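Should a chain be cited, it is by its letter among A, B, C, D, E, F, G, H, I and J, assigned in written order, with residues numbered from 1 in that chain.
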Amino acid sequence: MEFLVRTENRLPADTPGQTRDQLRKAERERAMELRADGVLKRLWRVPGRNATIGLYEAEDPAALHDALTSLPMWPWMDVTVEPLATHPQER
Amino acid sequence: MEFLVRTENRLPADTPGQTRDQLRKAERERAMELRADGVLKRLWRVPGRNATIGLYEAEDPAALHDALTSLPMWPWMDVTVEPLATHPQER
Amino acid sequence: MEFLVRTENRLPADTPGQTRDQLRKAERERAMELRADGVLKRLWRVPGRNATIGLYEAEDPAALHDALTSLPMWPWMDVTVEPLATHPQER
Amino acid sequence: MEFLVRTENRLPADTPGQTRDQLRKAERERAMELRADGVLKRLWRVPGRNATIGLYEAEDPAALHDALTSLPMWPWMDVTVEPLATHPQER
Amino acid sequence: MEFLVRTENRLPADTPGQTRDQLRKAERERAMELRADGVLKRLWRVPGRNATIGLYEAEDPAALHDALTSLPMWPWMDVTVEPLATHPQER
Amino acid sequence: MEFLVRTENRLPADTPGQTRDQLRKAERERAMELRADGVLKRLWRVPGRNATIGLYEAEDPAALHDALTSLPMWPWMDVTVEPLATHPQER
Amino acid sequence: MEFLVRTENRLPADTPGQTRDQLRKAERERAMELRADGVLKRLWRVPGRNATIGLYEAEDPAALHDALTSLPMWPWMDVTVEPLATHPQER
Amino acid sequence: MEFLVRTENRLPADTPGQTRDQLRKAERERAMELRADGVLKRLWRVPGRNATIGLYEAEDPAALHDALTSLPMWPWMDVTVEPLATHPQER
Amino acid sequence: MEFLVRTENRLPADTPGQTRDQLRKAERERAMELRADGVLKRLWRVPGRNATIGLYEAEDPAALHDALTSLPMWPWMDVTVEPLATHPQER
Amino acid sequence: MEFLVRTENRLPADTPGQTRDQLRKAERERAMELRADGVLKRLWRVPGRNATIGLYEAEDPAALHDALTSLPMWPWMDVTVEPLATHPQER
């Protein structure tokens, strides 16, 4: 099933550049694995913000939770999840 | 998977008593079928309101949508759905 | 550019069935045209609600506005639009 | 009587791992005691968040308050409680 | 147990005066019975509004729900209920 | 005149236990004085939260302000005040 | 004591002009009486809206309530009241 | 001085086409006069909605109020106004 | 033109008493100058909060901004401004 | 295409004056470049706040995002973006 996932990144503005870069690199690598696994299907930036909107697919909410918490930035992210129902037009 | 479902019933206050009674009776019958099918697992009233909180189980959000829209009161209900992830304490 | 579009359908609950059916049929036909034109890329139902979340693509917000207002149900729809920025992971 | 209880865990992201682990272990132990006592009846995770939704049973709101504040994580939790009324369908 | 109960009266402004008067009289009579039964302990007006804040006591949320829905104005009232826990200063 | 007063206690979770205990003790003492003076008439806990709902009586809003700011915890409290109008049923 | 009072006028847009004019005239007359009585001290329009912000003085919230409900437009007005405390700079 | 003005048009969906067309035509004519007078400086549509965002200039809020209420659609419009302060970069 | 100005003072609770006293004294002095200049016309406390509601008069929003930012507490204040339009009753 | 952009500057109140001045100077310089490039078309201050409302033009949301994040103050800014559709009156 598919989910719409919003993230707001709350990493403090005074985080050292090196820490920030390491987190970003690790985040990107983990995101790429989730793409390869078919869990992360699309990802957009919310313009002007350190925030994303993503389209995810997972077996159930618990599997989605495990995928999202596996992201290295997760401890600093405010995440909201909406379940999506297949529309009859696309069945 | 399980969902937390809130309903607010917006049936107008000036609905004739007979219409209201028929809807309530049909609503109860359909709810009982959903219970028998294991879709509706628990149901509470929000005290003071014509509103409920329910615990539902369905294969996916589309199946839940079909169950909820099968309720005769659905056209007058404002419904919100939250996905629930199994907690590790209960696995 | 892509947009995330939410619609809440406010068609009154006491709308005659025939009017409702005609509107639904015309809505579906116009939606199919927007799909064929590459404007409507994905559409989901918000479970439990007469509401949708859609992924649209249009040249600019004015073109998106024209597409959305061409839907027969538009006069009864509460629509909100969010612009989406391409994420570097997908460039 | 039953209550729907939401918790958002605000433990700072920079809490040392050891402190975090100790708190989690103690939290789990106390939660298990509340389950054994019939106070905590069901617990779910809100997918993507460090948050839970729980179904509790207690004699009255003061007893519920005592149970919730007995959780070691309570000082960092934002908790909201809703009273639930038995639905006639379940009487 | 005690509850804080807010009501907003949504009776339409164009309700005939006679209907309004009958409802008000019946409302007052029922409220007086609830006072006599110890269910309605205090009642205030929200200044400037057709709204009240009340302190109620009932055995549980279901009993409170029955008391509130027994008020003749209930079909037009938007009611919200908060559970109150006895404070240690008053034990 | 009477006021409904809500307080949310924002004392940081990492406040030393001794400081916290001293504040609580002083808070309780001052609250008892306000009770003796007829200013604090009732006090409840919001279940699950470090928060209260109180019924106060004071000559006017300025006198209420002075009473509330005399509480030792006041610098850490988020306070909201609602004026209450005597209901005709209680005149 | 003084109060800040906001009003939003919800008189339906399709109210006949004559009814509207009569209500406006009566409203103005009653407002002028409240000014003469020292109850209505200042009145502003919220630009662009059929809404006002007013500074009122009354003995207590019940007296303010009686003044506001004496306005002929009151049944159509959404009113919110905030108590104001004298600032030490003005004592 | 300049103001940012948002309008949401609440004209009912079942308004006859002729009435709607007359209102739109009169609205456009009056808007053009406000442009010619330098009151309406820019106007945008909120994509997907029957709503606008406008940049207005007027001597003061009362003059802006008069301009906005002179629009034929005003009785059906929900209008919000924000004052804008010249930024030092543009002085 | 007149403005309604709300301020919430966010000075941290752990600010040293001396710093706090100096800021308060300087704030009061600057406020008195603004009163003498006819900019600050009325000031109230929001009961129970470290917050004020004020009636200001300034030539335009930029002049008001300069007045508000000249207050020594401004860096810690959350300020919201509403423009007020003269009501015809007061013209 | 045009965008309405709001910024709230969350730079901590205890930021050293020199850091603040350097950031402001660099912010102004970058803003002037964005003006020269035709990206930043208008900028206003929200009176009373460390906040702005701006009218931007960019090829698409991703280009706007790059422009906004190029501002030196961006890490401390809370930014919200609304897409604007050309109004037929201005075509």
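By our rule, a residue touches a chain if its C-beta (ideal position, glycine included) is under 8 Å from a C-beta of that chain, and two chains touch if they have at least 3 such contacts.
The shown structure was predicted, so the numbers you read here are calculated from the model rather than taken from an experiment.
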Reaching chain I from chain B through chains that touch each other, fewest steps: 3
Chain pair equivalent in interface to G-I, over half of contacts matched, among A-B, F-I or A-C: A-C
Pair joined by the larger number of C-beta contacts - A-C, A-B: A-C
Separation of mean Cα positions, chain H and chain D [Å, integer]: 50
Cα-centroid distance, chain B relative to chain E, in whole angstrom: 26
Whole-Å gap separating chain A and chain E, where each centre is the average of the chain's CA atoms: 46
Multi-partner residues of chain E (each touching 2 or more other chains): 3, 45-47, 61-62, 64-65, 81, 83-86
Chain pairs in mutual contact under the definition given at the outset: A-B, A-C, A-D, A-J, B-C, B-D, B-E, C-H, C-J, D-E, D-F, E-F, E-G, F-G, F-I, G-H, G-I, H-I, H-J, I-J
Residues on chain E engaged by chain D in the complex (per definition of touch): 1, 3, 60-62, 64-65, 81, 83-86
Residues on chain F engaged by chain E in the complex (per definition of touch): 2, 4, 28, 31-32, 35, 42-47, 52-53, 55, 82-87, 89-90
Touching residues on chain E, where the partner in the complex is chain B: 3, 5, 10, 61-62, 64-65, 68-69, 75-76, 78-81
Residue ranges of chain B in contact with chain E within the complex: 13, 45-49
